[in-house]
Structures are given as C-alpha cells and as structure tokens.
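In the part that follows, the structures are each spelled out as structure tokens.
Two complexes come next, and they have one chain in common, chain A, joined by chain B in the first and chain C in the second.
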Partner chain A sequence: MSEQLAQPEHGPAIGQDEWVARHGQRRSLRGGPLGTLETRLLRVPWWAWLVLFLAAMSLLPLFSSSGYVRRVGFDTVLYMLLALGLNVVVGWGGLLDLGFVAFYGIGAYAYAMLDSDKFGIHLPSLVSVPLIVALGAVVGLLLGLPSRRLSGDYLAIVTLFFLQLFQTLTTNGDNAFGHDLTGGPNGLLNIDPLHAFGHDLIVQHRGVFAVSYYYVALVFFALVFVALRLVNHSRTGRAWRSLREDPLAAEAMGMPVNWLKLMAFSFGAATAAFTGTLFAALNGSVFPLTFYFVLLIIVYTMVILGGSGSMPGVVLGALIVSPLLELLRDPGKSRVVFYLAVLGGVVVAFRFSRKLGLVAAATAAFGFVAHAVAGAVDDRWVAGEHAGGAGGALAHWVIVPSHLAGWVPVVSYVGLIAVGLFLTLVPQRIRLVLLVPTLYLAAFVWENVMLVYPEPARYIVLGVILIALMILRPNGLLGEKRVEII
Partner chain B sequence: MDTFIQLTVDALTLGSIYALIALGYTLVYGVLKLLNFAHGDVFMVGSFIGFGVLQLLGGTSNPSVPIWLLLVLVTLAAMAGCAVLGVVIERFAYRPLRDAPRIAPLISALGVSFFLANSMQLLFGAEPRNYDTFSLSNGALYLKGLDIGNVRVSLLRIITISSAFVLMIVLWFLVNRTRTGKAMRATSFDREAAAMMGIDIDRVIVFTFVLGSALAGAAGVLFALRVPTTVSIGFIAGLKGFTAAVIGGIGSIQGAMAGGLILGFAESYTQGYISTKWSDLVVFSILIAFMIFRPQGLLGRAEIRKV
Partner chain C sequence: MSANGTTAAPILRLSGINTYYGQIHILQDVNIEVGAGELVSLLGGNASGKSTTLKTILGIVKPRTGTVEFAGDEVTDKRTSYRIGQGMAIVPENRRLFGPMSVLENLEMGAYLNKDGKARTEDFDRVYELFPLLHERRAQLAGTLSGGEQQMVAMGRALMSRPRLLLMDEPSMGLAPILVERSFEIIKQVHDAGVAMLVVEQNANMALSIADRGYVLSTGRIVLEGKAADLLQNEDLRKAYLGR
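And then the complex of A and B:
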C-alpha cells in the first residue's frame, strides 16, 4: 500500500490530485517509429521548447529586412499573447468570454491616456504598464461579479454587451459631460512609444519598422508564457481544469467555484490589457473599431484551431492564422493558399490512394473541358482578367468571364454552399462523383467572387474554419482530448 | 406631452421588433439550451430578402401589385427564406454538436454569425439598402395615420406594431394550442423525457428553428420598412434581442414579448430625454440589474439544477 503511494506512476493512485490532474498525459501513445519519436519529443522539457521557439522567432528579422514582414511578425506575436490570454478563460476556465478584446482595448486606451499629450501625462512605461495590467485584472473581476453564478450563456451575453459598451464609450467619449476623454471615432493620436529611464524605444528606424519592438514583444511573450505556465501548474491551474470538466463536482469537492471563475476571467483580462499597451505604444494611435467583433473572432479562431487548453496549441494557432490572414489580403498569394488548402483537404480525405488520383485527374480534366466548351460558346466567357494575375495552365482551367452578370456571384456562391453541405449527407459513392464539379465550382467562386473582395472573403474563411473545427475536431491541432466523465 | 406620446409610439415600434427577435432566441433556447448567436444575422438576411423581393415586384415607386399585397408578399418571402436558412443552420452547424460540451455549439454559432455577415457583404456590399417606403402611393404610409393629441401616428408605425402583435398572437396559438406546440413545450421542459414519450425531438427542433427564424425574417422586414438596412445590423439586433429575452426570462414566450417592449421603452425614453448616445449604457445597466436581482428574468422560472 505504501509502495503504491510512493510511486504514483505505477498504478492509479486514486484520490491524489496529481493523478487526476495528469489525465491528459496518460493518453495512449502510438506504436511504431512515429510513436517512439512522439515519446522522445514529449521528454524534451517545456522550457527547452520555449527557448527553441524564441530562438527561431528571433531569427525572422534576419531573413527579411522589409518593414512589412517585421510588422506582420510583430502582429503575430501580439496575437500569440492574446491567444494565451483567451486560453486562460476559454481553455482552462471553460468560460465563454466574448468581451475579451474589450480588455485589449482597455489596455490600449489606458496606455494612450497615461502616455500621450492628450492629458499631458507621460508616465514611464515601467510604471504605466504594470498599472494597466492591474487595471485590466480589476475590470475583469468587476465585470465577472454581476453574473453571480456565471453560467455559460449569461456570461457570454454580459461580456458581449460589455464589448458593445466599450465601443459606445470610446466612440462617444469625445463628449462625456462636456469633456473629451477618448477622442471619439477619431481615436487618440501621438501616443508615446515605450520609454524607460529617460530613453524612448523608437518605432521607425530610417523609415522602416524598427526591429526593437519585435524583440520587446518576444520578451513580453516569453514572460507571459512562463507566468501563465506557472499558474497553470499551480493549485489554481488544476482547480481551473477540474472546474472546466465538471463545475458541480468541483463545487462538491469544496472548490471556491465562483472565485476560481473570477480569477480565470481576471487573468485573461490582465493579459489582454498587457498586450494592449504594446499595441498602443507601437501604433502611436488607437481607434475604437480596432477592438471589435472581427478581432474577437480572429482570436477565437486561433485558440480553437490550435487547441483550447494547450499553451503550445494556441501559440501555434496564432502562428497559423495571423500570417494566413495576411496572405489572404493579396489575390496572388490568396490563390496559392486556396489551391494548396483544397489539395491538402482532398489528400486528408482520401489519404494517398487511387481515389485521390482519380479525383485529381477528373477535376483537372473537367476544368479544361469546361473552359474549352465555354470558350467555344462565347469568347467573352473566358476573357476575364484573373485577379492578381494567374499564368500557365490555370488561365486555361478556370473560367473567368470578362463581365459577370449580377446574379452570377450570388447563385454560384450560394450554390457552392448548398452543394457542399449536400455532399456531407449523401453516400460515399455519389459524393465521389459530385466532388469533381463541386471542386471546380469552388475554384470558379474563388477566382470570380472571393478574390475580388478580399476583405469579407478572408473573414468568411475564418468563419468556415471555426464552424468546421467545432464539428470535425473540437480539440484543435494540439488540444488535449477531453475526458468524458459519465 | 407630445414628446412623450411620440416617444411612446417609438418605443412600441422598436419594442415590438425587439420582441420578435427575442422570441426567436427564447424559443431556441427553451428547446436546445443554446444561445443562437446567428439569430441576429438571420434577421439581417431577412431584411435583405425583403429588399430583393421588393425590387422583383417593381420597387416601391412602381409596384406591380397593390400596396397591401406587396407588403404581405415581401414579409412572407422574408419569413420563408429565413425559415429555410434557420433550418440549414440547425442541420449543419448545431445538430452535429448536440451532445458536445455546451461551449462547442456556442462557438459554432459565433462562426455562423460571422460567416453570414461576411457572406452577405461579399455578395451585396456594405452600402445601405433603403426600401424607400415613402414612394409608395406618394407617402401615404407616412402622412396618413391616427391623431393622438397633436401627434400623428403614421400608418407605417401602426402596420409595424400591429403586424408584430398579430405574429406574436399566432405564435402563442401555435405553441399553446397545437399538438406540435405541445411537443415543443414538452421538449423544452425535459428533452430526454419527451423523447421517451415518443416525441420526435429532431422534428420539434427543426420546427422551433422554423418558427424563430421566420419571426426574425418578419422582424427584419418590419425594421427595414422605416430604416435603411445594412449587412452589419445583425450584431446589434441580435444583442438587443437576446438582452430582451434575458430580461423577460429566457425560455418564456410572454417574457420575451415583455422584455422586448421594456427594452424598447428604455431605449426610446433614454434617447428622447437624456441622450441618443448613451442608450446602450442604460440597456446594459438594466441587463446587469436583472442579472443581480432577478437572474431568471421577469417571467422565467428559477433554474433548479438536478444532480
């Protein structure tokens, strides 16, 4: 008996909270060489991964001196921070916080008020940033208080309304009882860069985005990552997970459920506020609409895609989604992303089998025939310019008319959705046959409708990712499998 | 006094539209315990379907059918279109997640909402669409009406308010006086027990989505009769509708109606007497007050958690 307790690895030491807390690690490992590799990789300590990751990230500016790439890198690090913050609330606490980006906004606005010419206050960053983090934590706590029981849906609606309220306050704050507090829709401008000990951390260096902010952001990221990891492996972290799995059982075990929820909320809010200071310091300006529903969905997609609950997961999610959104801005790159994604999807669906070859060949042939037929019927049907320019075989494959009648985008887009959804309902054999024209239709819609309007198109991609993930793989790429307790 | 009457009429118009949206939330929540974030965007799609049908019928300046028939057709088309949309959303985005953790369908619903709003922007652009009801028979809908004191309540407002109430009465009848309605109430009370009694749960849920989404479609048209609609109205409309449902007591049909009207009055009087800017703040305060003092809402039952 005492031996068993001394060696918890060798048997289910039921009743020990370490054992309960480690349920995620005890999942079965794959066999074979892949399994061996996985086991080996799992043995690498987390800090070694973090150092490796930071080293890889810090090499980015060496590869490209363009300000744009650095800027995207910086934004990605900000997204990673936001995803880590949201992960505390959604992934660990299991609470649906839809006001998350409002705390990001609060951080940014607070920094803008404490470090700009607006009120003539110029606090050193070493004072203002910790102050703002504390502010974020307190506001998070206060927002959580009203919905006492904080059951999922009520919390969601209160926080969503809070986001709306943040919008109202910042947009109308230029005339709050006669005082101009937030600059209204025009935002706050001329915000100080980060500064400490009398030195400014400059944003632009000879007209190019200075690399210093990228490294500062990485350092911030490392700090937040380590801090949150420590929290997650503390008593509080384990309590959060037990709360997420079964609030009722947690309460029965004597855990202060409400307090734990508020803590999760507050930690998430503080992280978001912290990230907000960085955002404001870099941009030098803040506007209300930056912190709205779109940003919320972006961060949620990152967390869900990476795997909510897993810190490396959400970081990976941010690392995928943020550059993806940038690529989708540009028609040329967006096209490459689309065809690669379709190809990847088909490969995942069929693995490398004869069916894959069949579908690929049939789709290619279908396209060339359709293009030739359309060209023969009317020249104008295939005379259109490919957005962003597409050369080679693609120009002879996808039909791009020189002029689209008003109904074509609507019908083809809605038709694509309808056929796509219908495909999930029919038996395998019919699906295989219908897949070919569907893929072609998808290419047609992408080239003719989506590429023309990148702004809604890239958000549509996000929405689709979010829905598909929830249905096909709710634990994301790296998320731990949830144990269903019955 | 005139201002007061004017604001009250405003409140009734706004409130009846909120109530229609809130009903959709409350019906779905009652049966599925799901906060359907996409509902606001269904409302928006409804207003666009209405606009499309209006254009098909010749627009307001040169309608090919009598005015009353035009309005009825536009509303019915929007209701039908939204009902189909609601069923599709339920089938493909919510049904696969029915047994998942509760947070999963919520996130899926967020995705649907985002997808719908952006798809509509992709297809129809972000510019506002105006029904231009003033052109209908030279502004009769605006100029004629009922006089209360010095205030003229325009025909359009009377139509909006009365059709909203007619719809609510029809809904009340459907839920309380028909077999399917009974099945709905049973499912809402206890889904498992209802299934064991031989109620086809899937059918009931589909029916619920049909009802809720059709009401949202009607609300979309009634809203757009007076105010130009854009692809981005869904977010706020959904938020207000859900708030109304919570205030009234989520899951309760009469509650949703009451909540919608309360919200309408709160907003209208705030805008009239205090400031147009801060009405959201007032509504939020009401929501918080309800959360603290009466979390089950006005007419809702307190949730009893059985273990």
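And then the complex of A and C:
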C-alpha cells in the first residue's frame, strides 16, 4: 500500500461528521509539557522499554544481599512469566481457562522426572527444557481438542476439571498400577538444578539464595516476552483478537476459529510449562498442592489487575501483586499497606479538597478521643499488644483490648461490612459524617481481627484493593479501553 | 429456474433448500440464483428467513435437504472457510467490525486466507482507491468511527478477499436515512466494479432501486421473484413493504 496520505478531493465524505473529522487533531492537542512528554514516550519503541525494564530488574541484587529479597524477586519473575502465558489464553484468545496452572505443574513434574534420581535420568537442561516446552504445547493442544467447541462457562468447567485431574493424578501417582511415578502427596525430591555443558547452576551459595537463578529467570522472561510479542503482532495475534471481539464475524472472514483457539491454548500451556521447569530446578522438589486454586487465583488477579490483553500490563500486575502478597505476610509491613490503601482510597474519593482535610482531621481526633475515653473507663480496654508491634501515635489511637470477648471480632467485622454498604445508601452529607467512625471501625477491625489472622487478611486486603482498582480502572492498569460498536 | 432466466452462468445457486433449527422448519424449498456480476436483492420482513438463507449460503447452518452451488462447485457440505476461500465474502448485519483494532487491521483480517503479501498490497490499494477515507483513517480504531465510516470498513474488509460474490446482510440497519442512501451508493459503486452481490434487506424500495433482480421471502418461502423494476410495480409487494 502506498504510504502517501490520500486526500479526499470531494467534500465531506460519507458519514464523516465533525467530531470524527477532528479526531486526530484532538489527540495531538493534549496540551502542555505533559502532553508533549506523553507523545515522546509513545514513540519509544517496545524493545527499548523491554531493555530498560530488564536493566532495572537486574539491578535488584545490587540493592539487597538478602536471600529473601532475591528469592521474592525470583518468584516475581516466575509470576510475570505465568501472567504472560495466561494472557495469551485469556487476554488474546478470550478463553476462560481455569486449568492453566496444571500446565505449570506439568512442566515442573516433567522436569522433576527427567532430571532427578527418581528414574535415574539426568538430561542436560538444554535438552530437557525445550522438550518440556514442546510437551506443554502438545498437552495444551490435547486439552484444547475436546474443548474447542466449548465457550464461556462450559470451557471453564472442562478446564477446571483438567486441573482437578492433574491434582488427582499427581496425588495418587505413587501407586499407578503398582509403580511410583509422582511420589504422591510427598512429591518428588532431590531434583537437579539447571545444568548445561557439565556444570550445575547452584541454587544456594554459602547458604544464601544464589543470584544466578534470578538472572536465568530474567533471560527466560526476555525470551518469552519477545516471542509472544512477535506472535501478537503477527497475523495470528490479530486473528486472536478479532476472534475475541466477534467470533462469528471472524468465522465469516474465513478464519479457522477452532484452530486459532487451539493455538492460544497451546502457546499459554507451553509458556506455563517453561516456567514450571525453572520452578522445579530452583526448589529441588515439587508437590501437587503447589499447583492449585490459590496459585490460579493469584495469576488471574495479576492478569486482570494489570489489564488483560496488554503484555506490559500483565507484567506490571505480577510486579505489583507478587511483592504485595509478600509484604502482607508480615504484620508490620501489611499494616503500612493497609493504612496507605485506606488513605489512598480517601484521597481518590475526595481529591485534595477541604473535605479530605476535614475527614482526616476528624478521624484522627475521633481515634484519640475514643482511645482516651476507653482508657479512662477501663485500663484493660487499651492494654492489648498490637500484633507485630506498633509504636508511636498508632498505639494511642486504635483501641486494642488485652482480651477480646468472643463475639467482638465477628460483630465488628460483619458490622464494618454492613456499615460500608449502608454508607452507599445515605445522602452525601450524612455519609461524610458517618465516614469518620467507619474509618475508625475499619482500623479497629484491622488491628484486632485481621492482624490476628494474617493469612486470610492477606487475601482480603488484596481483594479489596482489586475491587477498588477495578472500579477506578475497569480494564486494568494498562488494559486497552474497550471500544464498543454501537 | 428463475422465471426471468439469467443470461450469465450463475455464480450462486440454491436448489430446493430446506433448513431446520431443531424441529422448526425454517427455509422451505428455497431456490435462489445469482448470476455473475449480478446484483440481486433478497427481501423479507422479520423472521422471514433472510438471515438463515445467508447462513445457509455461508455454511454456518447446514440445510437438511437441497444443494448450494458456488461457481459451478457444489459446496453444500463444505465448511465456511472453504467457501470464503472460493470467493464468498460477507458484510454482516450491524457491520460487526473488530472495534478495538485499527481500520488497517480490520482490512487485513478480511484478507485472512490470502497469505501472499504482494497480492494483499494490491488488495489494500484497491480498497483504498474505492474508499480514500479508509486510507486516511487506517490507524484509527474501527470502533471510534462513525456509522457510515464503519459501513465503509465493513465493505472494504469484505472486498479484501477479492470476492466473486459479496453477501450483504441488512446494510441499511441502524443508519440514519441520509446514510442509508449513501450506503446504497457505495453498494452500487462496488457492484459497478464487477462484483456479484446478494443484498438482504428490509428496505425494499431502496434495495430494488439498485438491484437487477429480486426475491421476496415470507415465512421461509420464496413468494415472489423477478426483475427489480417489475417487483417495484408489483401490487402485493407495494402493499406489504412499501406501504403504498
């Protein structure tokens, strides 16, 4: 096609109204230095972003010599890989695949079988890893075959069943016709680290997590990102998107709809299996329950939060959720996350207006007064220890009794939800007034209930943040705006 | 077969088509012919079987009895992609563009089965020549175009596959009256370029004004057929569809 711009010689063309005619103009008109910056940034090619991102990521070990931090970094890269894989199926293919993590498990188990003492096979990683990627792709195709005529709910059920099947097989695989294949619930142990050219890539260096795996994971990530990016910008990638938008129209264009669905399944599965090899090589052991619903939900969260369909989006989603889940493990850190999230929510609701100052000041005052009054009535009401230790003003602000009656956690938690719902029903003025005690109640519930049960609290906080973000940005952080055809 | 007899060899011929949805008999012994380079209108009210006829032609629905012949080749049991590959193309009802994709990508999807890059470039040129506006808007997301422009994209997308027969499902649907007129001008323009067309419409007056011949479907049967000019004069049709 010619690159020259064809100018219509005739008058206003068919259907070209003024709004549409000025569309291009309006876009570039986004004013000021910020607008210029945005246009500049949009012009930066994708690979430059990738290089920049990888460079930034590879600096992490320089900032912290802690094995824990490096380990979290490694896990985050694994999550980024999983999110990229799930994005192919869900974001591009538009297929609700609830069996995704089974492919991750298949990759991990396959590596464990091909590189451990279990069967005495020790394939070099340069052989076993490509083999496992191919295996993942094939199993993805096989699962896709019976599912290809299914869509929506039905597909979800079949894939969910597949995940359950994987669980059952691995859990009971220690007695498959008298043979021990998977080690059953005890999993497979003593798996080789990655090894090539006669060298092992060690996991622990003087008892600390070796940074080499982190870099290997980053290389894996770069490979997968580039490969998927190329696929997405090929004819197949565009066909996937058109299939997701309108399957019937896609079929009427002559696209092989079923084959395209199978391909999406297969690409996602191969990516997950690839990631699985890294997981097994690093941990040295695999267990069935690693590859189950919690992981599935976390990866879905990343994809949805970041923006299903957008590669930078789902990577960002993993980059946020994975460290966040780690932060929420520790009461001291999760407390910071919680109060920042509440503060962020209030700021978003009121912007930086006088109301914001009013609510903040009133809530602070309310807390100190409530604390003082409670302390005056009975010492024990404020004598409780803050979980994880909290000093400073917070200790004099939130009431933490030394002993909680059994009904208090339930009533306060359910009460908080009820009050929250009630607030959405009352007029704005009343809501503003009631918001102050509600915020305080939230803090009370947090300190007295949630922090006592940190594991559920983790997921509840994540869920609340997710809901809030979905209201603010329904398409995820970097998701494409939906364009509806009217 | 046709009362008037078509001069050119038919590019599409439906003979004795009976299509069922479950136990419901939708199309009842439908016979339709479209000659090479001919513009034929298929008229009918709601639930008369127009869309089912189109689906039968495309192979999305299979008839229980009867045959579909396309370009001298029996395609009754062939899949949709085969028929598209043989030279059918459709502009679907409500256009059904891929909204979040650019005009360029939409057009490219129309040529999905054509893997030859050079030939595809020619197709792009041809479509852009017909609709210069699409070239101007090639980077814009299709969903942000106005109704008339979307109609052009839909036509362009269908033309990308170099169709020998272009099927149009209710091109006037959801367009303002002025755009309907323009839309039919576009159809006429494309037809003048030598593409055979089957236009399925409720807007009988408009559809017959540009057509060579017409068929009228009613509850799954062809009740009238003939030259467009004759149909326009037909008393029954005028009463039923033209409100006069």
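Quick note on the criterion: the second predicted complex is superposed on the first by the 440 of 486 C-alpha atoms of A that agree within 3 Å, B and C clash if a C-alpha of one lies under 4 Å from a C-alpha of the other, contacts with A are read in each partner's own complex, and residues count from 1 in each chain.
Criterion: contacts are C-beta pairs under 8 Å (C-beta built on N, C-alpha and C of every residue); 3 or more make two chains touch, one makes a residue touch a chain.
Not measured: the values here are computed from a predicted model.
J.: For the three-chain arrangement built by superposition, which of chain B and chain C touches the greater number of chain A residues?
T.: Residues of chain A touched, chain B against chain C: more for B.
J.: Applying the touch criterion given at the start, work out whether A:Arg238 contacts chain B, chain C, both or neither, answering first, second, both or neither.
T.: It touches chain C, and chain B stays clear.
J.: Just checking: does A:Leu230 make contact with chain B only, chain C only, both, or neither of them? Give me first, second, both or neither.
T.: Neither chain B nor chain C is touched by A:Leu230.
J.: Tell me which partner A:Gly463 touches in the superposition: chain B (first), chain C (second), both or neither.
T.: first
J.: With both complexes overlaid on chain A, does A:Val369 touch chain B (first), chain C (second), both or neither?
T.: A:Val369: touches no partner chain.
J.: For A:Leu248, is the partner it touches chain B (first), chain C (second), both, or none of the two (neither)?
T.: both
J.: So in the superposed three-chain picture, is A:Leu126 touching just chain B, just chain C, both, or none of them (first/second/both/neither)?
T.: In the superposition, A:Leu126 contacts neither chain B nor chain C.
J.: Let me check the overlay on chain A: which residues of chain A are in contact with chain B and also with chain C?
T.: 248, 482
J.: Which residues of chain A touch chain C once you look at their complex with the stated criterion?
T.: For chain A paired with chain C, touching residues are 1-2, 5-8, 13-17, 19-20, 23-24, 235, 238-239, 241-242, 245-246, 248-256, 480-485.
J.: Which positions of chain C touch chain A when the two form their complex?
T.: Touching chain A: residues 58, 60, 80-81, 83-85, 90, 92, 94-101, 105-106, 108-110, 112-113, 121, 124-125, 128, 132-133, 135-136, 140-152, 157, 161, 179, 182-183, 185-186 of chain C.
J.: What residues on chain B touch chain A, complex-wise?
T.: 29, 33, 35, 88, 91-93, 96-97, 100-108, 110-112, 114-115, 118-119, 121-123, 235-236, 239, 242-243, 246, 250, 277-278, 280-281, 283-284, 287-288, 291-292, 295, 305, 307
J.: So in the complex, the part of chain A that touches chain B is made up of which residues?
T.: Contacts found on chain A: 90, 94, 96, 98, 146-149, 152-154, 156-158, 160-162, 164-165, 168-169, 172, 175, 248, 293, 297, 300, 304, 409-410, 413, 421, 424, 449-450, 453, 455-457, 459-460, 462-467, 470-471, 474, 482.
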